[in-house]
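Consider the two complexes below, in which subunit A is the common component and subunit B and subunit C are the respective partners.
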Partner chain A sequence: MKIIKMMTLSLGVVLATQMTQAADSGFTLATVNPEADRTALQNYFKKRFPESEVQDYVNGIYAVDADSRAQWEEIEEFPPYEFAVEEGEELFNTPFANGKGYADCFENGGVGIRQNFPYWSKEEGTVKTLEMEINECREANGEQPLKWGKGEIAKVSAYMAWTSRDQVFDVKIPEGDTAAMAAYLDGKKFFYAKRGQLNLSCANCHVQGTNIRIRADLPSPQLGHVSHFPVFRSKWGDLGTLHRRYSGCHKDSRSKPLKPQTETFRNLEYFQTYMSNGLVVNGPGARK
Partner chain B sequence: MQKLKTSFYAAGLMAMLSAGTAQAVDKAELIAMGKAVYLNKSKGNCVSCHQIEDADATQAGNQGPPIVAMKQRFPDKAVLRAQVWDATVNNPLTIMPPLGKHWILSEQEIDAVVEYVYQF
Partner chain C sequence: MKKALIIVAALTLAPTFAAAESFEKAYLKARAMYGQGAVFEWQGNQYVATHEEESEANVDATEANAQMMIDKAKAKNKEVAALGFEWKLTGDILKKAEAAKADGDYRKALDLAAQAKYHARIGIQQYHYAQSNWQLSVPE
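So, the complex of A and B:
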């Protein structure tokens, strides 16, 4: 039975079908238009939740669910991520063995730059995320890379987000760069493809299923998904990165998660962040 | 893959046949099993999306319609069973998992949960 189950899982992934929602630009390089997708998504949520302001979507489920919002506002009065930000600052400012530090690896000394991630690197032909560059910085300076999901990397990332609060996301897909567009499209397809034993797409829960209960859980709108990462989840009791959350959502839908920072997860982050262009950085955030 | 499928169906058939000769389980047992399937997170987990008038179905979700007036809405039980077996036939984009098609439940568990919800 165990074997059969495993096979079903992989079968589900292979058979994953793509699906469209909202009036967007489709799933081929010939038709895909990120700006049209972004507008379509915003309009979809405007129609669905006419009371909610677009800028408020950085607050996830609390932008659309008045009931849990009050609880959350209480949590935010004594933010559970406060210590993590302080520790992150300390880690950020502690020199590596060679005397260099994170500040030497990033533009503007690493301060106020969270909104520039992820970005398409033409030279490397791939999407670069903040966490990826944190580890690249370490390795370039002779340090061991950090684990991706939680701990030090989340703290450093949280501090960098903190210094970037209220900066506006403006992820770019360079004009005429087919490879960058293909990366966006890959992320978009991944978001809408059904997968796993439960045959669920991200869109099933975070577009159609937004703010509708799955048992006691309320899935958030995908608009604004990335803005507040890394996030302190009460359920985790600590801070986690975006890709940690991606893994969690895979497990909830009984599909096997990819490894954090694999190309497809980075493409997914590229797509999701593009969808949130125009919103502000408000990381780190707190969630139930 | 084909081989695996055939042997799976064969096994299912065997199970059904042997259940048949043993006069299957009686209806009350089937309904009890169906209720467990409905509530159990690692089985049907129907409760995560459907409300039902059963005191044990606490914290039911509402992704799907409430389970009410089943007999009126599904005069043909086979149509109800087909919805549970593979909801994507009616709606490819549905959030409801294909419980039979993806082997989340056994054929008998599907019969059981159908009997259980058919009471409401």
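So, the complex of A and C:
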């Protein structure tokens, strides 16, 4: 009897320890702590790449790999996204058929506001992204929505990012708003969950796998991931949105990709952008 | 007291040792090393490393059987899609299975449908694993 009591007690202690560890680690709605997550992520990268400045992570892999950086700096001498920004400006300033324009839909006439996206809309109970609001603006003014991944939407978004360069990301999760926190947690869970035939999570490549070769590529760090979008990728030969890249990453793990701007991808963007709070907008960017 | 601690330690460590010798591990090892149909031994008995879908597809190559296997694969893929864990190639494999059936190549249709169903089944397993293990790679 004494032995049974002792065993029960000991096992109780073992299980309680495990449960306490799990409960304290920010994996549930009750315990998730975005600020602790952001700090932990920054500390992780500081430890992995002590030579790199946190603020430089807006430059992706070029913050941690000197050879890649040298090539990228040469590309940046004649930025491949420059024409797209000019076209984006023209599109942005071309009035809709009803005489109104994008500037009428956004705060500050749509200039210098990229850092405020995505945000949690309490009224709509969902995460709103910049591209989503660009299309909502069009539809509200009787125009057809644009396709999400590339083309005009990427150009307009690129121009808006361009006007916001050096503005600091400060994505907020409204205090006491459980639905907003659930959206953040959903994005976090998506980022860290393994999926697809290759059984890879976003984190496998962009946290643990940062700067470790996958064939000829060096995966970028998750810190600063969103800052330079839309992005001109050499592989694409044109400009694309963040959600286009999400679809590509998803395919790379041999998952069937979600559609751009689905709730899950918007939640992922919410989580990722929160992780980059404190860093500056430097979109549009150029990548391989 | 000493006896009790030894028992507790044994109980705590038992799952670790058991996991090292699990049937699943022995099966996967045989499958990876020797491929489909490999014979392996586990706890004194002999088993064959064949996926359940391969066994299902091991029937007469008739149109009806091919259609049945395609239907099963589609149903399973719908299940994994609803969980958000569908794999990229499964849809195309199903299309190829249907094309093979239309061409009268029922053996090929059966094998492709079995492959698609396997993808879907493992995707579902992956979903369940992710629910309880996604946090393992979160920096703390």
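Note that the second predicted complex is superposed on the first by the 263 of 288 C-alpha atoms of A that agree within 3 Å, B and C clash if a C-alpha of one lies under 4 Å from a C-alpha of the other, contacts with A are read in each partner's own complex, and residues count from 1 in each chain.
Just so it is clear, contacts are C-beta pairs under 8 Å (C-beta built on N, C-alpha and C of every residue); 3 or more make two chains touch, one makes a residue touch a chain.
All values derive from a computational prediction rather than experimental measurement.
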Subunit A residues touched - subunit C or subunit B, whichever exceeds: C
First (subunit B), second (subunit C), both or neither touched by A:Asn204: both
First (subunit B), second (subunit C), both or neither touched by A:Arg195: second
First, second, both or neither for A:Ser255, with subunit B first and subunit C second: second
Which of subunit B and subunit C A:Ile212 touches, first, second, both or neither: first
Contacts of A:Thr264 with subunit B and subunit C, given as first, second, both or neither: second
Partner chain(s) touched by A:Ala66 [first = subunit B, second = subunit C, both, neither]: neither
Set of subunit A residues, in rising order, touched by both subunit B and subunit C: 7, 11, 197, 199, 204, 208
Complex contact set, residues of subunit C against subunit A: 1, 3-5, 7-8, 11-12, 81, 84-91, 119, 126, 129-130, 134-140
Residues of subunit A that touch subunit B when the two form their complex: 4-5, 7-8, 11-12, 17, 19, 21, 197-200, 204-205, 208-209, 212-217
Of subunit A, residues touching subunit C in the complex: 2-3, 6-7, 10-11, 14, 22, 25-27, 37, 40-41, 43-44, 188-189, 192-197, 199, 201, 203-204, 207-208, 251, 254-258, 264
Subunit A-facing residues of subunit B, complex: 1, 4, 8, 45, 47-49, 59-63, 88, 92-93, 95, 97-98, 102-104
